[in-house]
Structures are given as structure tokens and as C-alpha cells.
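There are two complexes below, and they share chain A, which is joined by chain B in the first and by chain C in the second.
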Partner chain A sequence: MTGATLMKKSQRSALRSILPRIAQFRRQFYYFKQSPLALAGLFITSFFVFLAIFSPWMTTGNPYELHSIRRLLNSFIPWFQTWKYPLGTTYFGIDLLPAIIKAARIDLAISLAVVGAGATIGILLGAFAGYKGGIVDDILMRVTDIFFSIPFIVLAIAMIVVFRQDFAHVAGGVMTLLVMSLVIIWWPTYARLVRGQVLSVRELKYVEAAKASGARTLRIIFRHIIPNSIYPVFVQMSLDVGSVVLLLAALDYINIGINFIYLPEWGNLATYFQYTGVGITGALQEPWTFVVPGLAILMYSLGLNLLGDGLRDILDPRMRR
Partner chain B sequence: MKMTTYIIRRLLLLIPVVLGVTAFTFALTRANIAVWIRSMVPGHTSSSQLLKQEQKIIAIYHLHSPVYIQYFYYMKGLLLGDWGTTTSTDFLVANRPVFQVMQERLPNTIELAIASIILVVIMSIPLGVISAVRRDKLPDHASRLWAMISYSTPTFWLGLLVLFFVTPIVPITSITGSIGLQYYFTANGSFEPWVVHQGTTILSTRPTGFLLLDTLIYGDMPAFINGLEHIALPALTVALTSMGAIVRFLRSSMLDAMGQDYVRTARAKGLPQKRVINRHVKRNAYSATVTILGLLLASLMGGVVITEAIFFWPGIGYWLAEAAIVNDFASIMASVFVFAIIIVTANLIVDIVYAYLDPRVRLG
Partner chain C sequence: MTINKGHLYMDVRHLKQHFPIKAGVMSRSIGYVHAVDDLSFQIYEGETVGLVGESGCGKTTTGRTILRLLEPTAGQAFVNAPEDVSREIDALYRSLEEEGTDPKRSEEIIRKIGDISVKYSIFKARGRHLREIRKTMQIVFQDPFASLDPRMLVKEILAEPLHIYSRGTKREKKANAPSGASSGADHVRAERREGSMTKSEINERVLSLIKDVGLNEEHLYRFPHEFSGGQRQRICVARALALNPKFIVLDEPTSALDVSVQAQILNLLRNLQTKNGVSYLFISHHLSVIRAMCNRVLVMYLGKIVEVSETEELFVHPLHPYTQALISAIPIPDPLLRRERIILSGDVPSAASPPSGCRFRTRCPYAEQICKEEEPRLRDWNNTGHQVACHLIHKMDKRIIDAAEKASVIAGEHFDESVLTKER
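Now for the complex of A and B:
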């Protein structure tokens, strides 16, 4: 008696449906391995995820501790001073290395929250509009047109300025407001992406078959349409997780992001010179205070972009020539 | 479909978008009406004065009327150029009509955007072409990596880095702003970057509004060169952070074109590689890339906002960044509206150009 016959019928069918997927996954991973850039992206992203998960146990330094005597220790290599603060200290004597390590968790959490919520809203609306078509579809497309005709950062500024007073005195209010406004900005991207996919998927035979066998609209959307149009969404999500941090840092720079509170977040660290009264000229005298956190943003975003690009290549066979 | 029909249809499609944007800005100001009213009252007003001021504002904006009537007055003001008054503290914009400030600032922003687009095109075309021609070789990987880095660089960080490397060589005042302070016209209490003047009388304040264009038209070469020096670094910053998308798109559309039958035919005829690329591939890849220029503009404008704030470029972005700090609602909503108009118009132009280049678009 072989192992397969010992299994229950349901297990056998599950195995049968999983085997081709494993084969496909191995084939895709083979192509992924062929691209050095994609591998580099995977490596960088894993590094940051590792940082985010293990940051509490990685450093003994406290990002909230102020080393007031050693304010602005210079750490650029030619003037390197001490191993005690390898990356130097920033304004008010914050040790940069533990601050940057701690920031990984906060930044990853913010970007995942924004992209996760944005993608969920976008997928639901896009799938519904794409499947229904007609007036629902038209309205959704015009709404996304409006969002795409305003630069993301301008939209974010407008929304944050209007609502920030309502959130100012709530615990964690600033963060909630930032995440909410970024979600409002980000969902149209996904709605459009999914809608485009759905338009092609809904004409396929298996959707017709499901319709003919009397499945309800919601079942068709959730069981047949969304699972088959979701791959580009994953690619877009991996690209956007990087972009969210970029936009957040830009908002920090013009003083309406996480402002006037100190939080170990890369954008906040890089732009903190604004609240110290030294201004841009002061920051240029002490360049490591913005260069090092900015470099962290660059690497994080670069890793996710490379990964997303690699994913696009393997998930979209047309690109794989 | 004829070209005119296509343009008319395209224009009609614009109306809901523009109306939607105005509805959006209208809704944002009315969403938090107390904050909005308070932002229009000077900070040092006494409480008895405050009430009077609030009553006046309520009367001006018809806040007692139903929402659709308020929207009607809002649209009326928007169309007649009555965009409210700024409440910023910056002496250049303080208590001036928003529409007037916008007329000053808009040309500067457009100038910076155009300079950036020119730089983007100059820098990304060779990278995209090399990347496609030497596919999966070292140049391809290098240029793709470069595109990715450009994609993921924080704009403000790059701007600060540029300043960091340049300020030891030249003083910071000679690279920030739109023109050197020595070209400012300061007689009679005015503070104009550059005007056509005779002695202390202004003949014409900025004939076109575009500084580089004006100085060139009136043959003021030193001012023109000074203006070029001032625009170079901001434009470079914007271009470096937004060229990635174009490089990537150009590469994939080059690869698309290279896989076409007519390219194989050209190769089979025995044409040399260089001629095939130049005559058959590039031309088709470029016209496809025109479409993405319009899409890129939104993200490029986002970069422009931040770059203006770093280089003190007197455009909408710098104004917006300052307005955001002091809750200057009128300025913020005006810039949202104007940015939307810029992008929508640019997209319209791109679509029309593309339809002209490629008849399949207007026929399909």
C-alpha cells in the first residue's frame, strides 16, 4: 500500500491541487534566482524585516536617552571619534545607531498598515466596480481620476492640515491621522489596478461557468475574480511599502508629519534639525545627522523596489523574455 | 474618429475631473469649519472682536446657506479669480489675494518643472537605450539599479546632500531662490526678483512671468545666466529623483519594439545593428514613452514641492509648505486646485500629441 492510498479523499484532492503550485513556485524561484538585482532586493528587505523583528534585543542603547554632554558627536570617518557612538549622535545628543535600529520596526509598521489598508479598500472597490461595470465603474474611475490628478504629497498636506487639530490631543493621534490620510491617498492605485485585471478575468470561461451554475455575485467576486487578479497587487504592494516611507519623510521635512515630538522614525530623525533652530545651514555643518537616517530610508526603499521588480518579472511571464 | 472629435471628447472627459477637484477642496475647507474660520482671524484678536470677525466671515462665505448654495458661491469666486486672502506670516505673501500670489508663483513652478523634464529626458534616454540593447549584461544591470536608486531616494535628502557638496564652493545665497539678490528690484518699497525698469520706475513687471524667458527676451544676459545657475541644482534634484520611471519604461518599450516583426525583417535584410536600433526601434519606443511623461508629471510635481522648499524656490511648492504650517487654508486649497489643473492639462496635451503620432489611439 502506498502512502497516497492511505490518505483520505479530501487530503488527496488537496495534495493534487497543491502539487502544480509547488512546481510553479519552484519554476518562478528559478527565474528569481537568475536576477542578481532581485536577489539583492530580497536580501536587503529581509535584513530590514530582521531588524524590525529583533530590534528590541539588538541594541543596548536607548534611542530616547539624551547624551547631553556629547551633543553632536561627529562620526563621519575622517573625524571619527569614538566607537561608543559609531554613527554619531544627533540633536539633543540622541545616539543615532539605536535610534535607527528601533526606527525599522516603526517604519515597517506604518508602511504595512498604510499599504495593507489601502490595498484592501482598493481590491474590494476595484473588483466590485470592474465586475459590475456600468455606472458604478464610471463613477469609481472618475473618482480615481481626481486622486491621480493631484500630487500625493499635496493631497496629504491638504488633508493633514484640515484634520490635524482634531487629532492633536489624542494619544497617538498624529500617527493615526498620518496613516489615515496616506490610506486615502493610496487606495485609488489599487482600485485601478484590480479593476483592470478584473475586466479581463471576468470574461474567462470559469467565471461564466460559475455564473451558469447559479453562484451569487459576492461568491464569484471573492472566490473567482479576486484570487485570479491579485498577483499584480502583490507587486504593487511591495513597491509601495517603500514609497510610503519616502512620502512620510517628505511630510516630516515640511513639518507636518510626525512633528514636534521625537520619535525614532527615519524621516523624523533625518529632519529633526528643523526643530532645533539651526536651520538648513546648521544641518549642513553636521551632515551625518541627516545623511545616516536618509541612507536608511534609501536602502529600505531600494530593497523593496528591487524585490518588487523581481516579483513583477517572475509573476508576469510577458516580461520574461 | 477625426482629430477634432477626439479632442472634443477628451475635453468633455476633463469636466467631471475638474469639478471633482473643486468639490474636494470645497469639502475639505467645510469639513472642519471651526479651524478654517479661526485660521482667518488674526491671532491677537480680543474675544469681543473675535465674534464680530467670525460673523463677518460667516456672511462673506454664506455659511448660513445650504451646502449647494455655498458651493455655487465657491465656484463663482473660483471662476472670477476671487480665491480669498492668504493668512501666512511671510512678508512676501502676507495678507495678499491668493489669486495674485498664484500669478507670481505659478510661472516659477512651471519653469522648474519644465527644466526638470528636460533634464530627465536628456539623462534617461541613453540609460534606457543602453539597458535594452545590452540586455541582461552589466550595463543593463547597472542602469536598472540606477533607476531603482533614483526611484527610492528621498527628495529632501538628495537636495540637502546637493547643498552639502556645493555650499563649500559657493555661498548658499547664490544657489537658492530663483535669481541672485543683486538682480532684485527694491526701489520704491517693492521687492521684485527681476523687472524691466528704467531707473526707479518699473516699465513692466515680468512680461511673461517666466524669469528665464523674460531675461532672454529683454536681452539681460547676466541675469539670464544667473537665473540658469539658480535653476540648475533644483532641477537636477528633481530630475535625479524622478528619472527612474522613464528609464524603466523606455527599456521595456525598447524591448517591446525589438521583438516586433519589422525589426526582424530589418535584421534579415542585413541592416547593421546600429541602424536597426536608430531607425526602427527607437522611434517607436519614444512615441510610447511620451504617454508616460504625462503620468510621471504627478510624481515629478511632488518632487518639485519638496525641492522648492529646500532651495527656497519662489514657487507654489515653497508657498504650500509655508502655508501648511500656519493653517493657511486659502493658499493650500488654491495650490491643490492649480496642481490638479497643471497635471490635467499636461495629460491632455500628451494625449493629443500621442493621438496625433499614433492614429490607432484616436480610431480605437
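Now for the complex of A and C:
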């Protein structure tokens, strides 16, 4: 009896502490709804997320099953010759529509891994450097500068050339390498961003009040500093999730990314003409082979950029129009 | 006029806080801002000590430093030392001042003070000891809009200090079980075990806190931005009270509020004081508020204390020329009253290069040669408890005594009716 009432009481209090957060979220979403571009971004992004989640159920069979009889592209020109292949096929007789749908999952996974790992490292180091200040700050920020000075393409080439053999028998070895090199490139941005925020937050009185209440450094950083300086990071993350795919495509184009045929990845799909020996002029005869995957990349990055801008508007009221 | 002084809670000695001025590419320090320079004062249990002075004279820095939110440059602040120890401290400092000439003797005294300070001074405390001292001291800031974390519910804000000390206790018990006592802090260890609270106890405490400051349970489930300034300041007060502190620094707690709310907060603070017996260090530049709230007042000018006295005594007989000027600046809501205001010329000198001798001499209307050459010490005036740091008043300078008398006339409610008729 008493136990039951206690449960009720604790549940009620939990509910009460959640309700204000929901109210706050709704208020913020209201501002978000005011901007049609942000809504479009949200729509596009959720579309891709939907694709990524449900791709195994949406594509039946193997998109890489080579269409042996009609493997020549020429038989599918013009594009909409048949609704069986709505986005056409690309070289080796690969059907583009299921390939692109399958690629959504891989691209999203890579970009989330890169951004998630980069942001975690960046937030921790940036918050620590900014809060501690002094010599800790100096050292950490110089390290950040060193990482900033590495040109991305060069690092990616170096890492893949040097470590490719070591990662050969790891599942998704090249992808792991790519993600690692992207994380190495990406975290300094977050470290700087967070440090800048922390420098202003740490001077606020509530941080001092927590210190006066006996809070230790770690508690102050995790309970007060990071929650109050993290919103720009969300914005940056949503923008970066879009640009990771762009960089991947660049790497694919110069043939050091995911350059094997059997992995659907948008940037990779767009570069299949390189394996066929048709050359760039030959590829221009079949423009959809790179335009269609390119459009997928464009929509994805555009959607995330619009979403990021929308987030910036609601999370940073000073920028609100 | 003397109040019955109880247990000495805080004994601040020769507190100095100098901030380096950095310049150039290598950020060398090219000088120091003498924000707080050689401050000594005592705070007794259950009393309210006012700290007044104009902007930038180091009031807030003093408040923050004695809670060790800033690391002091020099000095000691003994917290809650037993009676005999505080008497010993007093004796040591006294003899240090008298026998400053003999280096060997003074070295010995300094060593002795060092030994005591390891145990009782907040500036020497480290780790657990520091946390235990901090538990008994709290601060309420001037700006209620910046002093509450905007991402936390009021409930979480109030529960935070309780959580911090509850968690600490568990770890403490584990750590203490095999090893036993470490250095210092024996006198606070007894209280520590009581501090541990379960979740429901914390909830109860939070509820009683919010009711103590005149808000309801429903206010617990809101974010700070949903409150008005006065309500936020109440929440700040509630947070400061969470751990049942013995001493609270009130850093201009009412300056950001409008007058009617000010009165509410002041009444709240006063009621809480009578209920819980806390001591306050009340930092303000609002003299009427100081007069209403404080038992004693310290007047600061440019990092130094120039006058210490019981509140009424100070307002009726302001001795230091600076205090006289301050008091004559209190607005009196009486349109018929014509009074002579003491208007100081010039600005406060830079704290980076304070003037030689008496720091007030550049603006003092009575300054003489001696003020330039020798720094005045805070001394009892005329064998009363009224301490003042001014060469001239101790030499019974006629002009200043007259001014003191005049100031007493213009001090608020205590003005002499006859002045009114004279003016007409």
C-alpha cells in the first residue's frame, strides 16, 4: 500500500520535471516552424533517415546482381524507357534506385560516426581547455592548431596508403580508415567552437555559485559548462553530417576512397565510369550515371544545411529574425 | 553602543588581492591592480556586517576572495576557530605588529600563524577540508539573471548543493574506514556524516527551502527564465540556504531589483537570520539598505578599510572624510530640507598605482603633508569602538570634527529639527 503510493508520488514528480522540458521544446519548435526553409530541411533529412532505417525492406534482392542480358547501358537509353528502372542503370548493369537507397544507410552511418566521434573529442578537450585556462588551455589549443594545419586530402591519402594493408582483413577496413582520418580532421573545429563558448560561460555567476556550493571541476564542466555551451555544436554537427559525404565523394573521385564496385555509397556510385574505360567523354554520353548519385548527395547536404540553419535560428535567439 | 559579541566566526587578516596587468605578446605582467590591499576584519556569529564603498573599490572582490572563489595574493581568513585559538591568533597578530622590528621574533610568530592557518584558514584548506569549510559558507550574487543555470529546473538548482555533499559523504565513508584521520579538519568531520541525505530527504529539503523563501511547490518545476528578478533572487537565497550555512556573503543582493521587491528580499533575509542564526557580509553601495540591515559597517576606499563602526554610530558620527561625503550623499525624501552636501572633486585614482600615504588624500578636502608621507592605520578613535584610518581625525582636527557633527545632523531620520527652521 505505502509502496504503491510512493511509486505514484515518484512517478508524478518525474512527470512534473519532464513537463517543463516538453513545454520548452514545443516553444522552440514553434520558432522552427516559422521558417519554411528549415521545415524543408527537416523534411529532406527525415526522408533520408527514413531511407537509411528502412532500406533493407525497401530494396528487394541485390542491386548488384548484374543484369547479364541487358548489361549494356545503351539498351536503357532514353532514361525512362522502362519503369522497371526508374532512375536508370549504371555500368555493370547496376540498378541505380536500390543502390542509392542502400547507400543512404552507409553514408549516414559514416557521417554520424565521424561527426559523433569528432564532436565528442572536441567537446571534451574544448571544454576542459576553456574552463581550466592558462597553460592547459595553451597546450591543448596548440595541439588543436597542429591538427588544423593538416590538409585533409593529404592525410586521407597517407592514411589509406600506409594502413590499407593492415586494415585489409578488418570488416569494412577502408571505411574504418576513412572514418578515422575524417575524425582526425574534424575534431579541432569542435574543440575551438566549444572553447570559445566555454570562455564566456565559465565567467557566469552560476558557475561560481556551483563552485561555492562545493562542486568539483568535473561536475562543473559536465553539469554546467557543457550543457550551456553545446548548442552551437548541435548546429555545427548538423551542418557537418552533410559535408562529410561531400568529402567522401571527393575522395572517391580521386580513387582513394571506397573504390570497390560492390559497396553502394553515393560518391562511389558516381565514379563507376572510371572502371569501365569509357573515359570522361564516354561518361558524358550517359550523364545520369553520375548525375543521379550526385543529386542524392546534393539533396542530402542541402537538407542538412537547411536543418542546421533552422536549428541555429531557434537555438541562438540573437540570430532570430 | 557595543553589542554583545558572540563567537568569532570569521577572522580575516591582512587580506590582499592583486590582479596582474598583462601586456604585450608574451603577456608579461607589467603591474598589479591592488583590488584589495591589506584588509583585516572580523565577523561574529549571527551578525550582519556591511561593506560599503563606491564602485570598483574592491567590495565584491573581498566577498569572493573570503569564500576562496578567487585565490588571494596574501593573507589569512580563519574560519570558525575555537575561542582559545582565535584569542591566540589575535595575540600573535598583535605582537607581530608591535615587535615588527625584531626579525627573528616575527619570523617565529609568522611560523606559528602558518601552523594555525593550516588547520583553520580557508586559504590554506585543500580538497575535502576546503569542501567542508565551503559547506558552511555561501554567496548570493548581485545579478539574479546570471546566477541560475538556465538549463536546470529550479528543483535541480536547489538540490545541487545537497547532492554534492551527499555523494561526497558516501565516498568519504569508504575512504575513511581503513585509514582513519588525516590532517586537519577534525572539528568539521563530525558534521560531515550527518550531511548525507537520501533522495527523498533531498526532495523534502528542497520543498521546505522553496517554502522558506515564499514560493510554492509548483515553482520547483520551472526554468529560471520563467521568473521575475525578485523571484529569482529568492531562489538564489534558497540555494544559499540549502546546506544550512553559518555565513553568507550577500553581494549587492538587492541592487538589480526594484524598490518594493528590495524590501521583500531584505525582510526575507532578516527573517532567515533570526530563524537560522546566520552571519551576513552585506556588500552594498546603498547606504539606507546598509543602515536597515547591518550591525556593523566597514567602509572601503580603493582596496582599504577606512572606517569600521557600529551602524548607527557610523551614520550619526561619520569620522573619516570619505564616510562623511558618502553619508551626505544619501538622498533624504524631504523637499524642505536644505543641507550642505560634501561634494568630492576628481575621480577615484587608479588601483593599479594607488597614491602614496593615505589613499584618499587626492580627493580629501583636508589633506596635509602627513597624509602624503605616511599611511594611516585603522585605530580606535577616542577609546571608542569606532575605528578610523585617518591621521587628522586622530589629531582631533577641528574641521573634520565639525564636519562629523554636521554630517550627524544630516544623517537621515536623525537630523535636527532646528536646521529646518534655520533654513527657512
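In this text, the second predicted complex is superposed on the first by the 272 of 321 C-alpha atoms of A that agree within 3 Å, B and C clash if a C-alpha of one lies under 4 Å from a C-alpha of the other, contacts with A are read in each partner's own complex, and residues count from 1 in each chain.
Just so we're on the same page, contacts are C-beta pairs under 8 Å (C-beta built on N, C-alpha and C of every residue); 3 or more make two chains touch, one makes a residue touch a chain.
The shown structure was predicted, so the numbers you read here are calculated from the model rather than taken from an experiment.
A.B. asks: Hey, is it chain B or chain C that touches more of chain A?
C.D. replies: Tallying touched residues of chain A, the top partner is B.
A.B. asks: With both complexes overlaid on chain A, does A:T120 touch chain B (first), chain C (second), both or neither?
C.D. replies: neither
A.B. asks: According to the stated criteria, A:P151 is in contact with first (chain B), second (chain C), both, or neither; which is it?
C.D. replies: first
A.B. asks: Please work out whether A:T276 is in contact with chain B alone, chain C alone, both, or neither, and reply first, second, both or neither.
C.D. replies: A:T276: touches no partner chain.
A.B. asks: Looking at the overlay, does A:S200 come into contact with chain B only (first), chain C only (second), both, or neither?
C.D. replies: After superposing on A, A:S200 lies clear of both chain B and chain C.
A.B. asks: Please give the residue numbers of chain A that touch chain B in the complex, ascending.
C.D. replies: Residues in contact with chain B: 36-37, 142-143, 145-146, 148-155, 157-163, 165-166, 242, 246, 249-250, 253-256, 267, 270-271, 280-281, 283-284, 287, 290-291, 294, 297-298, 300-302, 304-306, 309, 319, 321.
A.B. asks: Considering the complex alone, what residue numbers of chain B touch chain A?
C.D. replies: 16-17, 20-21, 24-25, 28-29, 31-32, 35-36, 141, 144-145, 148-149, 151-157, 160-161, 163-164, 167, 172, 252, 255, 259, 298-299, 301-302, 305-306, 309-310, 320-321, 324-325, 327, 329, 332-333, 335-336, 339-340, 343-344, 347
A.B. asks: What does chain C use to touch chain A in their complex?
C.D. replies: Touch residues, chain C against chain A: 64, 67, 69, 131, 134-135, 137-139, 141, 143, 146-151, 153, 155-156, 160-161, 164-165, 168, 203, 220-223, 236, 239, 242-243.
A.B. asks: Going by the contact rule set out above, which residues of chain A touch chain C in the complex?
C.D. replies: 13, 16-17, 19-20, 24, 204-206, 208-215, 219, 223-224, 227-228
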